[in-house]
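You will see two complexes here that share chain A, one where it goes with chain B and one where it goes with chain C.
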Partner chain A sequence: MKSGVKKLIVSKEGILFCIFLFVFFLMSLLSPGRFLSWYNLQSMAYQLPEFGILALSMMIVIVTGGINLSLTYTATLSMIVGGMVMANISAAGGNGILAVLAGIVIMIGMASLCGVFNGFVVAYIGVTPMLATLGAMTLFEGISLNITKGGAISGFPFEFLMIGSGTVLGIPIPMILFILIIVGTWLFLERSKMGMSIYMIGCNPKVALYSGVRVKRIIFQTYLIASVLAAIAGVLMASRYNSAKESYGSSYLLQAVAASVLGGTNISGGEGKIAGTVIAVMILQVISSGLNIFGLNRYLTNVVMGGILIVVLTINFLTEKRSK
Partner chain B sequence: MGRTLVEIEKISKIFPGVKALQNVGFNINTGEIHALIGENGAGKSTLIKILSGVYQPEAGGKITMNGKVLEELTPLESLRNGIVVIYQDFSLFPNLSVMENIALGHSVEKNDTLVSWKAMEAIAADALDQLGLILDFHVPLGELSVAKQQLVAIARALANNAKLLILDEPTSSLSKGEVKKLFEIMLSLKKRGIALLFISHKLDELFAVSDRFTVLRDGQYIGTYSEDELDDDQLISLMVGRKIEYTIYPKNKKEEPLLEIQNFSKKGNFQDINFTLHKGEILGLTGLVGAGRTEVAQAIFGLNPVDEGTMLLDGAPLVINTPDEAVKAGIAYVPENRLQEGLVLRKSIEDNISLSVLDSISANNGLVDLTLKRSLTEKWMDQLGIRPNNPQMLASKLSGGNQQRVVISKWLATEPRVLIVDEPTNGIDIGAKSEIHQLLRELAASGLGILVISSELPEILAIADRVAVMRHGRIITQMFCEGLNQEDIMSKAL
Partner chain C sequence: MKRVLTVLLLMMFCLSFVVANGSQEVAVSDEITIVVMPKLVGIPYFNASETGAIQAGKDLGINVIYTGPTTPDAAEQVRMLEDLISKGVDAICVAPNDAAAMTPVLMKAKKAGIAVLDWDTPADASVVDLSIHQIDDREYGEHIWDLLVQEMGDTGDYAIVTGGLSAANLNTWIDAGLAYAKKQYPGLNLVTGKVPTDEKQQVAYQKTLDLIKAYPNLKGVVGVSTPAPLGAAQAVQEKGMKDSIAVVGTSLPTDSGPYLADESLRVGTLWDPAKLGYLTVVMAYNFLNGEKPQDGQEIANVGKISVWADGRTVIMGPPADFTKENYASFSF
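And now, the complex of A and B:
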C-alpha cells in the first residue's frame, strides 16, 4: 500500500496536484482576505466547469492525434441556434421548462452536426485536423454572425438561468455537471474499448488499422462526442450570461489546449489522463482568478499564462528527450 | 586503380533489438566502381545512411576520407566532404526547374543568402556539360522521364563536387537502353577519378561495370573481391552464405485446402496470382524486394484491395475490403515492419496484445474487462515465453525477438485460421530466430495455415513445406521444399 501512495505522488498527476496545492496556498497567502473569500471561491466554482468541460472535449480529440480549433465556435453556434428557439417559445408564452428542454435538445443537435462535419472532413476525407477545424471555426463563426448580425440572443426563460446559477444541496449545478462529465469521460477514454483504441490510434494509426481497428470510424465518433461536450459547455455559458453570442468563450479555445498539455496530454496524441487535465484546469483557474484579484491587468495575465505553458512544454520536451 | 579515397573501419550500428552492422570495414578507391551487395536486411542501407550522415555509427567506428577522419558526420558535413547519395526516389524537387535542382544544393552548401540566377545557370550548365547532356534548364523536373530525372540527380552531385557518389538501386526503374546510358555515364565519372558505390540486386549489371565487390551478410562484412575473382554462382553463395544452420523441419504434403487465391491482379502490383494454402501447411512466398510479395499479402488482408480475382476460405467465397473484415474472417497479418506497422511502441505489452481483441474482452456496455485483459495477456506471454515477464513493459524496451512474439500473440489472441507473416525474423537475433521458427511450426501443427513471406532462403527451406517464388509481380514457380537448395530458389527469383 505504501508503494502505491508513493507511486501516486511521483506520477505526473501527483506532481500536478502538488503544484495545484502550491499555487492555491501561494494565492491564499498573498491575498488571504480576498482569494479565500466565499465570493471568490463561489465564482471560481461557477467558472471552472465550462472551461473544464471544454478542456476535456479538446483533450479527447488531442489524444486521437488531432485538435479541434472550432471547439468554442461549436459551443456558441449551438447555443445561438438553440437559444433562438428557446427565446421564441418563451416569448410566445410557452411553458418555460419545455422551452428549456427544446432549447437544449437543439443545442446538442446543432453541435452534433458540427461534430459530424469535422469528423467527416478529418476522418473520411483525411484533411489535417488543424486545417479542417480552422476552416470549420471560421465557418461556424460566420454562420453565427449571420444569425445574430453581431448582436446577442437573449430573452431566455427563467428556468434556463437556473442551470448556470442554481445549486443542489449547496453545490452549484455546473459543478455537479462537471463532476458527472469527468466521470463519464474517464470511463469513456480510460476504461472503454473505444477509449483504448483512441490511445492506440493516437500513438500509431497504422498499427491500429493493421490490427483490425476501424480507425476512421473511431476518429469520426470522437469528434462527434467532443462536439456534444462543447454544447454542454455552451449551455452553461449561455445560462450564466443569460444570452448567446458567437464570441463567448473564445478565450477558452487556446486555454483548453494549454490545460490538456499542462495536464500531461501529448500534443501529438496517444497519451493523456483525464485527471491530469482536470487538475491543470484547476491550476489555470486559480492562477487567473488570483492574478485578477491582485488587480493585474488582463493582458499581463495572458503573459503569465503563456509563460507557464511554454515552461511546461519545454520541461516535457526535455524530460522526454532525456528518457530516450 | 586509384588511391584509397574512403576508409571504413569497424563500423557498427545497433538498433533496438538488432545489430544492423557489426565491425564493417573496407576501402573505396578513387576512380573505381565499387559494388555493395547483400540480401535484403544485410545492412547496405544502414551503411549508406552512416556514410551520408543520417545515422551515427556506434563508438569505435571510423570513417576516413582523403586521410581526414570524419567525425560526428551530419548530412550537411557529409555533402561538404563530397559524399553524395542518389536514392531510389532521387530526393529531387519535382516542382522546381532542372537548373534549380542542380544548383540549389550548391548554394545551400555555400551558405548563400541570396540566389544568383546567373551563377545557378552557370553551375547547371557546367554540370550538364560534364555529363554530355542536353536538357532544357527551365522545365520543371517533374515533367522529365524517370531516367532523365536520375541524370539530373547525378548532375547535381557533380555540381556539389562529389568525390564519392553512392547509387542506391539506380537501375530499378530504367529501361535497358537507359541502363546502358547510365553505365556509360558511370564509366565516364570513374575515368575522372570519382569513386562510385553501386548498389543493385541485378548480378549481370553488377558484373557489367563493377571493379570490385563488397559483400555484406546479416550486418557482417564478408569480404571484398575484385571482379575477376568471382562469377555469378560464387557471388550468390557469398550473399546467402553458409549461415547458421537452422533446424530443418520435416516437410508435409497437406491436402485440405484452407485459403485459395484465384487470379489475383492489381495494376502495378501483381498479376495472375494463384495459389492454395492448406490446413496445417506453411507456404513460403519469396522473391526480391519489389517482386510484389507484400502487396499480395496486404491484398489478402484487405489493405490493398485487388482489381480482379477471388478468394475462397474453406471453399466459400470471401470478399475482404478492410482489415477488420479480414480479422473477423480469421485472417491475421504480421507485417514486415514491426516497429512501424506491428507494434505501438509507446504502449505496453498488454495494450498491444489486447488491441486486436478489444471487442471480445469488453462487456456489452463497452467497458473493457481489465481482469480479462490481464489474464489474456499473461496467457499469451506465458505460452510464447515473452521476456521480461511484465505485462506493463513498454513494447519499445523489448528485444526484437520478444517484440515479434508480442505481435504474434496479438494475432493468436484473435484465434485466426490463416496467419500471414511478412519477414517474421527480420532484424531478430539468431537464437530468437530459431525459436520463432519452432513457434510457427507448432502453430501449423495445430491446424493453422501459414503464409511466410521471407527473403531469407534458409528460413524458407527450414520451415516451409512448399515455396512460391515471385518475380516482377508474378508467381514464377511453386515447388515442394523437400530436397531444394537455396540456389534453386535464387536462380528463379533473379
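And now, the complex of A and C:
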C-alpha cells in the first residue's frame, strides 16, 4: 500500500497533480476571495469541458503516432451543419426537444464523416497525418465558410441552450458530460483490447502489424472516435455560445496538443494516460482563469503558460532518464 | 524525493485552509472598475485604442482594465469575460469577434449587475446598455468606394482584401460599399470575392501578389481592416506597380506612412482609435453615474458625438482621410 502511494506520487500523473494543486493554491492566494468563490469555480466548470474533450480527442490520435490538425474545424463544421437543421426545425415551429435531438445526431454524423475522411486518407492511403489533417482543416473550414458565408448560425431552440448552461444537482451539465467522457475514453484506451492495440501501433506499427494487429483498421477507427468526441465538444460550444461559426475554438487546436503533451503523452505516439491529459487540462484552465482574474497582462499569460509547459516537459524528461 | 513531495503536499493543505478562511471576506473596493476588451491585443489599431482607454481612466480617476485574447477567437473572448465577471467589475465594454457568441455571457454579466457596452463592433443589441460606434457604417462603406473611384477612375477591375470573412463590421462596410458601387459606379468590376487575410499584413501581402498575377488588368485594391491595405500596398510597392494599381483602404496613418509616402497606398481612411477607446470609457463611466448620452453632446478630448433615436447608439464622428500630404500630422 505504502509503496503504491509512493509510486503514484512520483509517477508523471502524480507530479502533475502536485503541480495542479500548487497552481490552484497559488491562484487562490493571488486573488483572495475571488478565485475560490463559488461563482468562479462554477464558471470554470462550464469552461473546462469543451476544451477538455477536444484535448482527449487530440490525445488518442497522438497515441497512435498521428495528430489531428482538423480537430477544431471538425467540431465547428459539424455544429454548423447540425445547427442549421436544428434552427430550421425550430423556426418551422417543430418540437424543441425533437429539434435538439435531430441537431445532435446530425452533428455527430457530420463529424463521423469528417473522421471517416481523415481516417481513410491517413490509414488506407497512407498520407502523413500532419499533412492529411492540415489539408482536411482547410477543407472543413472552406465548407463551413461556404455554408455560413462568414456569418454565424443562430436561432437554436431554448432546450439546446440548457445543455451548455444547465445543472443537475448543482453540477453543470457540461461537467457531467466531461466526466462521462473521461470514464469512457479511459475504459476504451486503457482497459480495452483496442486501446492496447493503439498503444502498440504508436510504439511501432510494424511490430504491431506482425503481432496480428489490424493496424489500418485501428487507426481508421481511432480517427473516427476522435471526431465523434470533437462533435461532442462542438455541441457544448454551440450551446454555450448560442450559435455556430467556423472560427469558434480555433485557439483550442494547439492548446489541445499542448495539453496532451503536458499530460505526459509522447508526441511520437505509444505513450500517454487519460488522467495525465485531464490534469493537464485542469492546470491550463486554472492558470488561464486565475491570471485573468488576477489581471495579469495577456502577453505574460502566454509566457507563463509556455514556461510551465517547458518546465514540466523537462521534469518528465529528467525523471524518465533517471529511471532508465 | 518522497519526503520533499510529502512536505510540499502538507504545505499546500495548510495553505488551502488559510486561503479558504481568507476567502470568507470578499474584497469589496469602492473604486469603479471598467473593462475594455478588444477583439484581440497586440495589433496597432487596438494598441492605439488602449492608450485612449487608459488615458480616460486616468482623467476620470477610475480603474480601467484593457485586456483581450491574443487571437481573434470568440471562444477565448467568452472565457475571458466569464473570468472577469468572477473577478467582479462594474462595466464591461466589448468589441465582439462574433456578436452571437457573446450574447449568453453578456446576459450573465447583466445578471451579475454589470453594465454592458459594446464598442468598435456591435454586439447583440438586446443585451447592451450602450453601443459605441466609431462611425456610421453605411456612410463609411460608401466613402471607401468614393476614394477608390477617385484614385482608379470609375471603370476597371478591382479586388477587395479583407481582414476576415466573418468580421461583422468589415462585412457591413464592404456590403454597403458594394451596394453603393452597383448603383453609383456600374463600370467597376470586382474580379473575385473578398479575399480574407487573417488580420495579418503578411497574408495580405501574399494574397495581393497572387491577385496581381491572376488578374493582369487589376486597377484597384480595397483593403478593409487595418493590416490589409498595408499588405496590399507592400505588394504593389515591391512589384513597382503603384502607378497602374491604386490601393486604398482603412489603415492607421503612422503605420501606413512608408506606403503613403511613395503613393503605393494612395489614401487611408480611419477614425482615431485612441479617441474611440477614450470615448468608450467616458460613456461607460457616465452610464454608471446614471447619465445618458445626448445628441450633439461635447465630450472632452473627443469632440461632438451624435446619438441615434434609440438613445443608446453613440456615433463618434466622420472619418479622417490620410494621404501623402497630411499623414505626418496624425499621431495614431
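Everything that follows uses one rule, which is that the second predicted complex is superposed on the first by the 305 of 324 C-alpha atoms of A that agree within 3 Å, B and C clash if a C-alpha of one lies under 4 Å from a C-alpha of the other, contacts with A are read in each partner's own complex, and residues count from 1 in each chain.
Keep this in mind: contacts are C-beta pairs under 8 Å (C-beta built on N, C-alpha and C of every residue); 3 or more make two chains touch, one makes a residue touch a chain.
For clarity, every value in this text was computed on a predicted model and none was experimentally measured.
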Next item on the list: Assess the superposed three-chain arrangement around chain A: do chain B and chain C clash, or do they fit?
Entry: fit
Next item on the list: Please determine whether it is chain B or chain C that touches the greater number of chain A residues.
Entry: C
Notebook entry, point to check: Mind checking the angle chain B, chain A, chain C on Cα centres after superposing, to the nearest 10 degrees?
Noted result: 120
Checklist line | Partner chain in contact with A:Ser43 - chain B first, chain C second, else both or neither | finding: second
Margin query: In the overlaid three-chain picture, which partner chain does A:Leu131 touch, first (chain B) or second (chain C), both, or neither?
Written below: neither
Notebook entry, point to check: Touching A:Gly249, do we find chain B (first), chain C (second), both, or neither?
Noted result: second
Item checked: After fitting on chain A: smallest Cα gap, chain B-chain C, Å -> 23
Next item on the list: Please identify the positions on chain A that touch both chain B and chain C, taking each partner from its own complex.
Entry: none
Next item on the list: State the interface residues of chain C toward chain A in the complex, per the touch definition above.
Entry: 1-2, 5, 8-9, 12, 15-16, 19-20, 22-27, 41-42, 65, 67-76, 78-80, 82-88, 97-104, 164-167, 171
Checklist line | chain A to chain B touching residues, read off their complex | finding: 187, 191-194, 196-197, 199-200, 203-204, 206-214, 270-271
Check: Which residues, counting only chain A, touch chain C once they are in their complex?
Finding: 6, 9-10, 14, 18, 21-22, 25, 28-29, 31-37, 39-40, 43, 46-47, 50, 145, 148-152, 154, 161, 164-165, 237, 240-243, 245-252, 288-289, 292-293, 295, 297-299, 302
Margin query: Touching residues of chain B toward chain A in the complex: what are they?
Written below: 303, 322-324, 326-328, 333, 335, 340-347, 351, 354-356, 358-359, 361-362, 366-368, 370, 410, 414
